[in-house]
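Take this structure, written in structure tokens, and hold onto it; I'll ask about it next.
Chains: A, B and C, in written order; residue numbering restarts at 1 for each.
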Amino acid sequence: MSVIQTIAALCVLFAAAFGAQAQQSPQSVDEISRLIELADPGSTIVLPAGVYEGNLRIDKSVVLDGQGVVTIDGLGKGTVIELGAGDITLRGLTIRGSGSTVDQEPAGVRAFAGPVIIEHNRFEDVYFGIDLRPAPESIIRNNTIVGKALGPGRRGDGVRLWWSDDCIIVDNVIDGVRDMVFWYSENLTITRNHVRNSRYGLHFMYSHGTTLKNNELTANSVGVYLMYSNEIHLIHNSIVNNRGTSGYGVGLKDCDAITVENNALLANRVGIYIDNSPSSVDSYGLIIDNKIAFNEIGLLATPITHDNVISHNAFVENEEQVTVHGRGQLMLNEFSADGVGNFWSNYSGFDQDGDGIGDFPHAPRSLFRSLLAREPNLQIFLHSPAQQAVDLTARAFPDLSPEPIFVDASPLTRPPELDLFVSSQRGSRVPMIGFAVGLLLVSGVGGWVIAHQPRLPVVSDSDLSQRAFV
Amino acid sequence: MIKASHVTKRFGSVVAVDDLSFELAESESIALWGSNGAGKTTLIRSLLGIFPSTGTVFIHGVDVRKQGKRARSFVGYVPQELAFHDDARLGASILFFANLRRVNRRNAAVALAKVGLQGHEKKRVRDLSGGMKQRLALAIALIADPPIIVLDEPTSNLDASGRGEVIDTLCQLRDEGKTLLFASHRPDEVLALGGRVLVMEKGKLIRDITPTELWPTESRIQTMRLYLSMGTEESAAVALREAGHAVNLNGNGLCVSVPRNRKAEPVAVLARAEIEVRDFEILDEVQGDQA
Amino acid sequence: MSTLPIEATDSPSVTQSGSHLSRVSSVIAFARREFRDAIASRWFLLYTLAFTVLAVAVSFMSLAGSGSHGFAGFGRTTAGLLNLIMLVVPLMALIAGAGSIAGERERGTLLYLLAQPISRVELLLGKYIGLALALCCSMCVGFGLSAGVLAWRVGGVGISAFVMLVVFTCGLALAMLSVGILLSVISRRSGVATGLGLFAWLILVFLSDLGLMAGTILFKLRVQEVFAIGVMNPLQAFKMAVIVNMNASLDVLGPVGMYASQTFGSALPWVLALVLGVWTIVPLVIALILFSKRGSV
């Protein structure tokens, strides 16, 4: 590279650095308001790159495009952007610094009219993320929302819909907020969203007729919590490691006509929690083709639970596969439909005719569990040899055995092939391999060092003659 | 080197050592003489502070009860029953004691070579003969070259030639200036080694004399082994002790020490007790000129 | 005559500095011998083999159903290992401890050792350390292979909880070894000591928990009472410590667990570690005092 070329390159670098410096000196959001004022309704405004400070309100139908280089900062006061008209699009913005006063619920974006499109934005340090109240037929797409660094009890919702029907909410990533919550909003499309480290991943209040598909709900207190909402279809969701205070993968409270299908419910405290669903006498609940595995409790239900069909699921290695909250049984629910039950990893029967259906019904009885129902304090003895001793005793003396809490008449003897949506969470193997090798090395080398004994030196005759004895 | 005053050791109501005092000067050699159960072993254990006893014991000027560890560092001890970990190898055993005494490996190897166990390092202790074990114990006692050697019936598990080797070694140690304290029930050993003899009976020190005083040369002592019917050894030993004979009863049979001109006495004693003596044999004769 | 350390101890100044050093070195000598004897003994190899095979088998079986997305299997593996550890580790440590002094006493080797220039405290401490190292080594082999299985099938998820599992298991082994050594010191014969060890195992693993279960039902014990009595059992403290490290709370263990989590908050793992610490130190100190004061051989 010649000297001239080098100098030229340095000049370019310097200019670029200087330019970036110039861009970062913040401007007021009034600059944006002025641009909107000048624009025709329906036109697209590409904002100059930079940081704009203050609270922005838009009452004209325009497209505001930040192309990923525009930041609007509310400086910790109020709502960052308010949308007062329909047909507004916010795209490619970084929206940050809302207020955090609980009573005013300040948000990153609050829309008072629909439809609006909010896409490809990044929300940081906001109390609420996107609040539609109401803005029906809106689209919330490809946004990343990270809540304020507040304690779990103090956070606002990442996304809230309020009386906003027919919205499309897809491909958003939401981290560290309270809920993604839907109030009185029907016929929504909720797909491929990823909610993590929050309270309720997807929370439905009085919102009916929606399909939830391919969402990922990870490390929340509850993955999907449906309350007083009917005709919801949960399909192909990945609901993993939700083990907060409530700790349900899916919670169903007073919901009718729910279908839970082909979901992966893994490593939650409780896989599915059924609380009085269906609540109507003539309704139903359908829990089919799910993989419910490695949860502390696979399925937890209140004692009055009835009219659910639970079949063709794989219940694999949950600490407790099925339990009843308090005392009672689940005999009013079907664990087999049309001669097909569920796969239970703890099924102790066999399948002599090889048709894939176990020859005995699956009716697990645990004396410890039934004692637990009487005296919840006993749960402290879970995972101890004493618990197993109690259950073994009960097995040896059938008179002591309690009634089973449910019966699956046609248990599957092989895990069903299920079409699931699960993203792998393997993580790097290196630390674990390192730890394994480290342990083996420590025991091997350490053991050798401790146990090693040097050989005795060979003694020559002259050594011997130095000493007087013998 | 050892100064014991009013040493008393009780096991429950039994007084095993009863108010015993003696003194052992540097380079002196003392034999504890007495039949089985006279309290020799208990006295040795009390002296070493292995278990608590009343009275005071000073070894090399160090109070055993206050600084037992330091006091024991002046002593090499050879026990009566050799107790090593059977699975351990000979080399590992001696190295362990070398570490314990903070002596380097070379000394361990030298000590092993001196007792003629070189080349046996790989052998497991359980595979050693009684004599080899005894020599191993001697090697361990000598490993740190302590000024005092305490031996509790050092030859009880040995045959005649093994016994001779050990006695020779001990004589040389004594000549080298080591202080020796050993328990024995064999007059030949006592005559060979003992500058003084402490005669014990029922835990008490009854006499403190020289071996030649105990056994005048004109009535030298011989040891005879008695062959008895199965199961009568215990009662035979009791009968002989009551008749005033020094008796040793161990796995090798029943041995009695008698003046050479009174060898028929034990047989007569047993005849009176209606215990059948099938045969007897005279073991070695004590060399009078060594006494 | 060659110059040897014994002569050196005649000078008081050397004795002062040297006695401390030699105290450590005799403890080390005993620890190394004990370690060597332990790893060469059949029971120890058998235990190590059994623990390793079981740990690896539990890891495999818990992960068997996890298929291609096996990430979720860790908690289950730990739960499975937990049961195995609570059965095997106390048994191993109690029996090893129970055999230590009583075995030497019965073989007559104790007498011989005590005639050496060492103190009873050094002997017992050395034995304890040697056995503790041997036990920890043995478990590290099992855990190492189990971690290998996890790394292969699961990846790196839950490594910190697994590390804590290993640490607390070693803590449990140390506590049980202390109890075993105490039983060994008070027993005249090694058969008696082993019997006492088995009995202690039965009490700690089953009887005390079953008794507390019955008490909880019969007397309607309150949560704080159940926790206070339950946590005194080192096995329960161990179990809670492992679970609290895995889940960050004890809610899994019902109302009593929630009470513990709320009462002690983030200090809970330390409280539980303290219980294991007390179970390690108190029996060992009692054993040391009894062994040096009673003077039994």
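Some points to look at:
The rule is simple: a contact is a pair of C-beta atoms (placed from the backbone, for glycine too) under 8 Å apart; a residue touches a chain by one contact, two chains touch by 3 or more.
What you are looking at is a predicted structure, and each value in this text was computed from that prediction instead of being measured.
On a Cα centroid basis, the chain most remote from chain A in this structure is B. Think of the whole protein's Cα atoms as having one middle point; the chain whose own Cα middle lies nearest to it is C. Chain pairs A-B and A-C differ in how many C-beta pairs they share in contact, with the greater number at A-C. Averaged C-alpha coordinates give centres for chain B and chain C that are 43 Å from one another. Per-chain CA centroids place chain A at a distance of 80 Å from chain B. In whole angstrom, the spacing between the mean C-alpha positions of chain A and chain C is 38.
Residue positions 92, 176 of chain B each touch two or more of the other chains. Contact of a single residue of chain C with at least two other chains is seen at positions 1-2, 32, 36.
Across the assembly, chain A contributes 453, 467-468 as residues in contact with two or more other chains. For chain B in complex with chain A, the touching residues are 91-92, 94-95, 105-106, 108-110, 112-115, 118, 121, 142, 169, 172-173, 176. Within the complex formed with chain B, the chain C residues making contact are 1-2, 4-6, 9, 15, 19, 22, 25-26, 28-30, 32-33, 36-37, 40-41, 107-109, 111-112, 114-119, 122, 295-297. Considering their complex, residues 453-459, 463-464, 467-470 of chain A touch chain B.
On the chain C side of its complex with chain A, the touching residues are 1-2, 31-32, 35-36, 39, 62, 65-66, 68-73, 75-76, 79, 82-83, 86-87, 130, 133, 136-138, 140-141, 143-148, 150-152, 154-157, 159, 162-163, 166, 205-206, 209-210, 212-213, 216-217, 220-223, 226-227, 230, 235-236, 239, 243, 247, 251-257.
Partner chain C is touched in their complex by these residues of chain B: 45, 48, 50-52, 68-75, 77, 79, 81-88, 92, 96-97, 99-103, 107, 144-147, 176.
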